[in-house]
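What follows is a set of notes on a single structure, which appears directly below.
So that you can tell them apart, the chains are marked A, B, C and D in the order they are listed, and the count of residues begins at 1 in each.
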């Protein structure tokens, strides 16, 4: 009897594999709870909100931890239904070490750990990672898998762009330190300080807390700002090409299975 | 006789279906009036302009409402000429509930409602939606339909990007709250406050009203700023691929009227 | 004899049509003079530079006008060598009304006009348009023609994006005026003022002179800032698709002329 | 015997050509040293760090120069193993004039030059260029070669974009100087000053140190800011198309090893 219950619970929890109405609603409910929980964490940092809604926030907190803990235990109990994690001990350990289960553990662990005093808030931030769970919901899965495939296939190009960005960052910071260091010693006096300017400029954020004032500094700063455009253009171009290749691949895969409807001969790619 | 007039008015009002010179000029005139009306709404918020051009602004207002009301009534009267809305009662109701007609109603309603006192300005803002009407003008239709198709086909990818952005937003706000909350309690003291910083940084707006000052805060802020580039690259790449697929689809639809190279039969789409 | 000279001058001036070494060097020399001239115009606005290099700047000015005037007259004299502008009077008039010749005229006219007193600087700004001439140099032509074709083919999509941007601009300005107008009357007190904020935010410039401070204003501002990303993504996606279509078109045009090297049969598109 | 040693050293140093475990580890070690060295250069500009870690920083500096010098000498000694640089004298000279070897020389030269007094920091910045070496590591090579090919093939389009950007920059600066020069003489009083505003606006950095305040200046500034979006869209579109063409080229090169469907012969590229 327990095996049947376990199998049913497993199917409900893993909506994308076995599915069913109940599993879908459960997922939506868990997603809503995650959002509520995050709103609660944010609200706890606002004094007047803790003053007024303190009890409610605590209730949400306790409820979340209870539900998430139950979900975690149930997942661990039922995972052996999946043939890949079939062994009662080693299967469960491997399942518990999967990225999603580690995120789930990180989301509830701070509540149970006794030494959560100081880092409480920091640790609870892990609960935010549960938001990633939402991405597994229904049809979003396919879109995210596509994104993941594109990012993975283009990882060398993207990493090269990042490396070029770091080189530009260091060179820009050194040049501006040389040009502006004497005039604005508190802002460009050290290369690490200049790096903050370089980041703010290359990403086109431009807070306005640090900017060059000398003619040379402005000239160099202008070149860095224009090169910063490349920082947007390169990854965008790479990803754009990647998304299109992905679609082409799918289209070709479909086309390659087609035969001519008249003579039955293969049409080829 | 009335039926003939109704048919003619219907053709003039729906330039994209039946067209004609008169319909085109009417559309341009209505578009100009919409722009005038919006300029008037904006001008009414400027004290010295209401002082000097008060009467003119009121005239534009009255004229607009009169013309738009007339257009609305005429549309409702003539819509039965369209076979889809042929029934004199149920057809008109369904037509009136279409998005474009609701926008038109929202544009004139505030003038007639008696309780428009306080929310006058807010309600009148709906008139701005009439600008969307302009998009129906002539050849722009095809371009907008293309855009709409691309956005619809890529809605899951774009929604996934939005979800990733929200996750990044919440995580960034929590981290910066932890890093800067003690140093700048009025800017990073609560997570909602930190979120404002995260939005301003991730979208690369960077007003400069909020920015990290500690070394840790700047380091985390730099990472958020660089990840913000992905916020531009992902949707751009997705949309770029979408626009190209759309063109390819059209080209293929044309090319697919070719025949099979083996038997000469039509291959179909 | 004059006809031969005229033909030769015409060939030298129109390097892209008949070309030759001399024409290339002349173009480079004119390009350099344009840059010098622009640098001179910029330098004249800096007091200490006019004080020190005043005579030199005047010399550059006189030299530029003399050379550009000579070029203009020579172009007008020789244009009849081009069969399209063959008639001695009507051909020359049509040639003089071409965009490039109008730019050239605008570049030298301010010097000869007697009423150049007040608007001197503004009119001389037209000289900057001569920079466009540079684009005609050598191989850049092809790249610019490609760009022009892409922009022309996608003009409806780009115009639709611009229209959407204007709608978003007006709506955003109205909303922020409603949300912040009472708190910051000098910055959001009128819709035109709010529009300045909307432009600065949607283009992600973010000077920091105007920004929302209320919770509602920040919430609405965040949405506008995120929608501003679409303002970058849409035209970029459209242009990216356009550039690729352009290349595909060229490749197909080439491929469509190929036959199978073995059997001589056409390979088709 | 020396020849055998030389051959072995050459193979270890040129991991991408002959490779081997040792060469890979050496490359990683050199990469780490480069990063350490750059961190050291940055740390030397921070007073409290030189005070505390002064000796360590000097040690890193001496070690780096020693290792980089040894590498340079070994490369020069072994390069004749490469058939392209086979001649003992002319081959080595040509090898030493390659871009990578010049970067290496620039990285160690400042240490040996006696006149490094004042420009010490500026010259040492060349060491940063060694970061480019990292790009040669392992599989990143292919990604960077792809990038290089795309940038080279699209260089005319990108240069045209840059030229358009310069024209826009100059025109924008002149217009804003005319509109705001009288009101903010310290910020828009000269065209070079206005150019700084134009750069900050067109790249959407927007520090907030310079911005228009008059109605005309804001109107013109808005147009410049919107045109600045094109500054992002054009290169991104160009690069996106370039990356996709690159992939298509590779795919076609593979596909073209297929045979003609009519006669079965190889079709070639």
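Observations on the structure shown:
To be clear about the criterion, a contact is a pair of C-beta atoms (placed from the backbone, for glycine too) under 8 Å apart; a residue touches a chain by one contact, two chains touch by 3 or more.
Everything numeric here is computed off the predicted structure, so don't read it as measured data.
Mostly differing positions are employed by subunit B and subunit C in their mutual contact, as under half of the interface residue numbers are shared between these two copies. Ranking every chain by how far its Cα centroid lies from the centroid of subunit B, the top place goes to D.
Subunit B and subunit D have Cα centroids lying 41 Å from one another. With centres taken as mean Cα positions, subunit B sits 29 Å from subunit A. Multi-chain contact residues of subunit A (touching two or more other chains): 192, 195, 204-208, 232, 236-238, 240-241, 244.
On the subunit D side of its complex with subunit B, the touching residues are 204-208, 236-237, 240, 261. Residues 156-157, 159-161, 163-164, 166-167, 170-171, 173-175, 177-178, 181, 189-192, 195, 201, 204-208, 211, 215, 218, 221-222, 225-226, 228-230, 232-234, 236-238, 240-241, 244-245, 260, 262-263, 265-268 of subunit D are the ones touching subunit C in the complex. The touching residues of subunit A, when paired with subunit B in their complex, are 38, 41-42, 45-47, 121-122, 125, 128-129, 131-132, 134-135, 139-140, 142-144, 146-147, 150, 165, 192, 195-196, 199-200, 203-209, 231-232, 235-236, 238-244, 246-247, 260-263, 265, 267.
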